Amino acid sequence: MTALLQIDRLTASYGSVQALFDLSLTLEEGQVVALMGRNGMGKTTTIRCITRLLPATGGSLRLAGQDVTRLSAPRVAQLGVGLVPEGRRCFAPLTVAENLLVAARPGPWDTARVCALFPRLAERMTQVARTLSGGEQQMLAIGRALMTNPRLLILDEATEGLAPVVRQEIWRGVRQLKADGLSILLVDKSLKEIATVADSAVIVERGATVWTGGIDGLTPELTDRYLGV
Amino acid sequence: MRRDMTINLVIFGLLVATAIGAHLMGEGFTVTLATKAAIFGLAGVGLNLALGYGGLVSFGHAAFFGIGGYVTGIFASHAASGQPILTLPFTLAGSNEMLGIWPMAMVAAGLAALVIGALSLRTTGVYFIMVTLAFAQMLFYFAISWPRYGGEDGLSFYVRNTFPGLNTFDPIQYFAICATLLGLALLFTAVVTQSRFGLALQAARQNSQRTVAVGIRPYGIRLTAFVLSGMIVGLAGALYADLNRFVSPAMLSWHMSGEIMVFVILGGVGRLCGPVAGAAIFILLEHLLGGVSDYWQALLGLLLLAIVLFAPGGLIGIVTGSRRHA
Amino acid sequence: MHEPILELTGLRKSFGALVATDDVSLTLRPGEIHALIGPNGAGKSTLIRQITGEIRPDQGSIRFEGQVIDGLDAAARARLGLARSFQVSSVIPDFTVLQNVMLAVAGASGNAFGLLRPALSDHRLTEPAAFHIEQAGLSGRAGVKAAELAHGERRKLEIAMALALRPRAFLLDEPMAGMGLEGGRQLTAILSDLRTEAPILLVEHDMDAVFALADRISVLVYGRIIATGTVDEIRANPEVRRSYLGEAA
Amino acid sequence: EGVKVGMITTLSGGGAGLGVDTRDGFLLALKQAGDAGAAVELVIEDDQQKPDIAVQIADKMIQSDNVDVLTGIVWSNLAMAVVPAAVAQNRFYLSTNAAPSALAGAGCHPKYFSVSYQNDNLHEAAGAYASEAGIGKIFIMAPNYPAGQDSLAGFKRFFKGEVVNEVYTQVGQTDYAAEIAQIRASGADAVFFFLPGGMGIAFMKQYAESGVGLPLVGPAFSFSQDILPAVGDAALGVKNTAQWSKDLDNAANKAFVEGFQAEYGRLPSLYAAQAYDTANLLLSAMAKADVADADAFAGALNAAEFDSVRGKFRFGPNRHPIQDIYIREVVKEGDVLTNRIIGVAMTDRGDAYADQCQN
Amino acid sequence: MLLAEQALNGLQYGMMLFLMAAGLTLVFGVMGLINLAHGSLYMIGAFACAAVAAATGSFWLGMAASLAAAAAAGAVVEMAVIRRLYARDHLDQVLATFALILFFSEGTRWVFGSFPLYLTLPSALSGAVTLPGGLQYPVFRLVIIAVGAAVALGLWLLITRTRLGIRIRAGEADREMIGALGVDIARLYTIVFALGAALAGLAGALVGSIQSVQVGMGEPVLILAFVVIVIGGIGSVKGALVGALLVGMTDTLGKALLPGLLATVMDPSSANTIGSALASMMIYILMAVILIARPQGLYGARA
């Protein structure tokens, strides 16, 4: 069986500065994989490559067997990749409702279901995103990605700035999504929560994969060495 | 930093060398072209202070250019006719001394910039662009329909104003005057943009919220920059009037504002010598292409387009390979 | 107890029908870290913005070091010594770290109008700036453009700029956000030392940091403060557990 | 020893049509003159309809090209910028079109000749014609700038009836609904207007649509051959004044009109005719005097011994023409709109400023 | 009666201004692009209409040609030039589109010559009708009012009621992000830009029919279109419409009434010149006053 996402020896640069040197990662259909590493090690860069926001300079990216290394960002998204980006990036002048609708594609997730997940958003439907509180924006970014009804959901620090209760809500949601068969690639700083949902983990250090394995294999030595815990 | 300085010196040096070379070869008109480049460069340097460093995209700087020009024209024509400009509230006689006219031109342009700036700075972004345009257009239409100084026909004063010890009618001597003033303006800009004020001005452009949070009010900083900018452009207008011995509402038109802006963008926004390079290249192209075909403006358009598309950061960006420095 | 440095009484701000802060009163005492927690959209950032003067409260009053500052604008309050960091990093992107901090020093000095003296070689600016960069744990990065900093470093730059204002009080809006595990721990240490310099009003969702740092905690829910107390009191408060902490306590 | 001539005219941008006709008319005359024409060394530059550019070109022609004679400027404001400085530097200026009042009276100069007219002439003729045609009440309109103000003043100078309303429009205005409403309400018998270029085209079309239908009178500029096709049938029947028309019956004009059509494949405009006359005037002076002898050359020019396409032609004391001004009507010849002379509005008209000219 | 006619003229002029600005509302207001070449697209529409109408004898074919030519020019410009500038400073757009003006103006003159072209109205649209109340009014001006209103309604629906509108606005806010969500924003932008260009072309053909079709006709339109949009508030169709009507009324009534008003306090001749000078400054005074009082325009949201 081919993996849903298969990254081989990926390299990438910002201008003349190389940020990814040798990154490999495999994510099977229905799996949750955690991408881990210290600040500035290349997690977001990897995600930008997967979503084709940053061109890869070498290596390959395959989505369900199809080579997507040269596709445009919208094409990859249309193949079923949903992104919750670092820093939220809600469309500031659009209302909450418009943000949710803007890229919606048919499927189980619709406005009603997102509102059920985040009741706070339901109250703020006609407010423009610019004036939302930080946490509300984060909820909106997640809802917006869900509305595209992806096969593969990518969460880049999706719980940043959320209240503890909401964060727990999100983790419950993630477990639910996983149970529904959605595949998820996530970056987060909460080891404890990652341990409860992820099947496997990939650790990056200076733009290269330095460890891959089942989540149970993530020993304190490893986290101490690579995450500074 | 050092590299930028070298580029600046090279640009300024090239301009001066062109003029001197042309003078030695008896090409009087090339000297005049270089003078024009120096004057428009000066206007660009003025605008750059507001636009490049301060992020104040003014589409109305022709107002200050024209005011500088009209002050010169009015003084000169009154000097010729011998009648005072004002009798009330005080008597103001005409003059044909550049050294007397320049401060007047700068003060008048500065006052206009103070009023226009104080009102326009309430707005930001495109709204600022349009309010500044609005003020310039008001002056433009005023000048067109105000018969006293020629209306749309403009005002000719036939002979250049005088400068002690120099024959201003000699192209190379007039160039020397303009180039010196340009040099001074460049020096002034360099100093100001490196000062605390320059730091605050550039900070306010990039992140106004943050600037306020460290206790600096952007409004005053911007207004100061706008007024200084207007004064420099006013001086350029005065020089331009003398170059042509003629002023007209065309100096106040939005085309003029646009052209000064084009010099700045073409050369490289926020680069010290960018406007000088931009003005020089623009004038050179205009001159060279003019001989090529009747439809030379289409060629000019294509060339400009090529520069924008392939040289982000303007002409200076081509050399330094970067967009702009802080 | 000491006189409070910062004292809010009855602050109220509404956006249309939404009351973002509703009759909020709160004090910040010398030497303390006062944490402000509460659900998303409770009004924490709105409260900070009222204190800094970015928005005007509809009602209520703010005293800072005994002086009523309601009539002052944001720049004036910053100069009095109210320093803030932003929930989303807000620095001058094209400036280097050093220039960013120098800007703050210049702002605090109340003299941003020096037209002629070169700033970059002005030791009255560079020396304090270098000191605060060091203090915030950014030494060695002074020459790097802010836009090229990693996320965590940019958060530290926010702190360095706040320090450079030589403030009488810090208002920090989610400084831990995006810091990562290691970075978060470093920042916790920095903040812990910082309180001796000036008290901190800390808005934060990272409960590990809050519980480690806070001397007092206030809980804001729907614009109202529903509880104020020590770490243990707040942890034990059933209402707070239900509306905010969940299982985190 | 020929003469070096610098032509500054508008060859790019919206006003290029007038400059192109000016240039072509001038070139045609040189060409038809054969060897004599070849003795004229011509430098042509585009002023872009910008006064500052015109001044700089003039400087260049004087400083670098060392021309003896300047010519070609279409617009009054450009002429005001260039002419005084040029004649002050001892060059001749022969105007192919613009002839502002400031250069006709106290500001006249022995080296400045207007071959076209004095700016007021056609307006004055319109006034004279309107009086003669028995128009009692008239509505008059021009753009709010010096040439427009001169225009209305010129019209009123010879109009004996009542001016019911005098309206100044904006320079460059393209919509005239408001003015047309005023015309409708004014109770006038006719409308006089001076709206050069696109302004006139727009006004005429809108006027025709409005159903007001009062007769129109104006100077030739809005009915010149370059513009008529754009105005369309709306212009039919309008009376306009000009010192030239392509149906003027004289040999010079015949040679000009036919030559122009053969050479350029279109009908000549007023501007072409004026430039043609200018070139011929120049040639006539060259035949009699050396340009190096400025006084003699000026005298030769002043004698104006050339065959004008206007028939008779002579200069007045301020070196502006004394000539007949005709009244023309816009007619259709086959498919082509053009003008036909229907009468003489003024005979041997000089201008109102000549006696102020002391130089 | 005169006043009623002038008010109608003001309304009509406002609608004409709105038509001129409609394309720019999309491109500048919604997409956030400073397109100085808007006037050139307007000119292209007028020239295409005139040329095709002259060749075929049909005004309607000319109309269609104006839409097609301007849309094609717009699409080409977007793909060849504008597309490369989205990530850049707004000022680069200023320079690039300034260059396009030069290119298009001289290019048009090269193709069509220096002389104005002729565009005549079909008989169904020409002449005047008598309105209730006895006012005679040109048919074509009524048509312009109607077309303007239809365009306004259509644009408003497009921008606020369709997914397309939401997407363009999202694209303006964060172009990269909307792409990452699966929306092919590049193609969308080309389409919208072409649509904006087509509207400019339509305005050129309609307005050109009663004005003059000549090189340079687009320049005054450019400034007026920006004025209208900015007064109304960037991004708001309603604002553009209100702005256009306001400018139309101010200009028309200013021209009609100011000289008369001034004549009551000074001699008629100087009242005339001063009055019309003031009238020509009027719309800029209006804009300055509005923006100083409301820095984000009448209906603008963005700061």
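Going in written order, the chains are labelled A, B, C, D and E, and every chain counts its residues from 1.
Going forward, contacts are C-beta pairs under 8 Å (C-beta built on N, C-alpha and C of every residue); 3 or more make two chains touch, one makes a residue touch a chain.
Note that the structure is predicted; figures quoted are calculated from it, not measured.
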Shared chain contacts [subunit B and subunit D, defined touch]: E
Count of contact steps on the shortest path from subunit D to subunit E: 1
Neighbouring chains shared between subunit C and subunit E, ordered by label: A, B
Chain located farthest away, centre of subunit C as origin (C-alpha): D
Euclidean distance of C-alpha centroids - subunit B vs subunit C, Å: 44
Intercentroid distance (Cα basis), subunit D paired with subunit A, Å: 74
Cα-centroid distance, subunit A relative to subunit B, in whole angstrom: 51
Numbers and ranges of subunit D residues touching at least 2 other chains: 12-13, 144, 149, 168, 170-171
Pairs of chains, among all present, that meet the touch criterion: A-C, A-E, B-C, B-D, B-E, D-E
Contact set on subunit C toward subunit A in their complex: 15, 37-42, 44-46, 87-88, 150-153, 174, 177-185, 205, 207, 243-248
Parts of subunit A lying in touch with subunit C, wherever the complex brings them together: 38-40, 86-87, 120, 124, 131-136, 138-139, 157, 160-168, 189, 191, 227-229
Complex interface listing, subunit C residues touching subunit B: 52, 54, 73-76, 78-79, 83-84, 86, 90-96, 99, 102-104, 106-108, 110-120, 122, 125, 145, 161, 164-165
Subunit A contact footprint on subunit E (complex, rising order): 163, 166-167, 169-170, 172-174, 176-186, 235, 301-302
Residue ranges of subunit D touching subunit B (in the complex, touch as defined): 11-13, 45-46, 50-52, 55-56, 59-60, 63-64, 76-77, 80-81, 84-85, 88, 100, 102, 144-147, 149, 168, 170-171
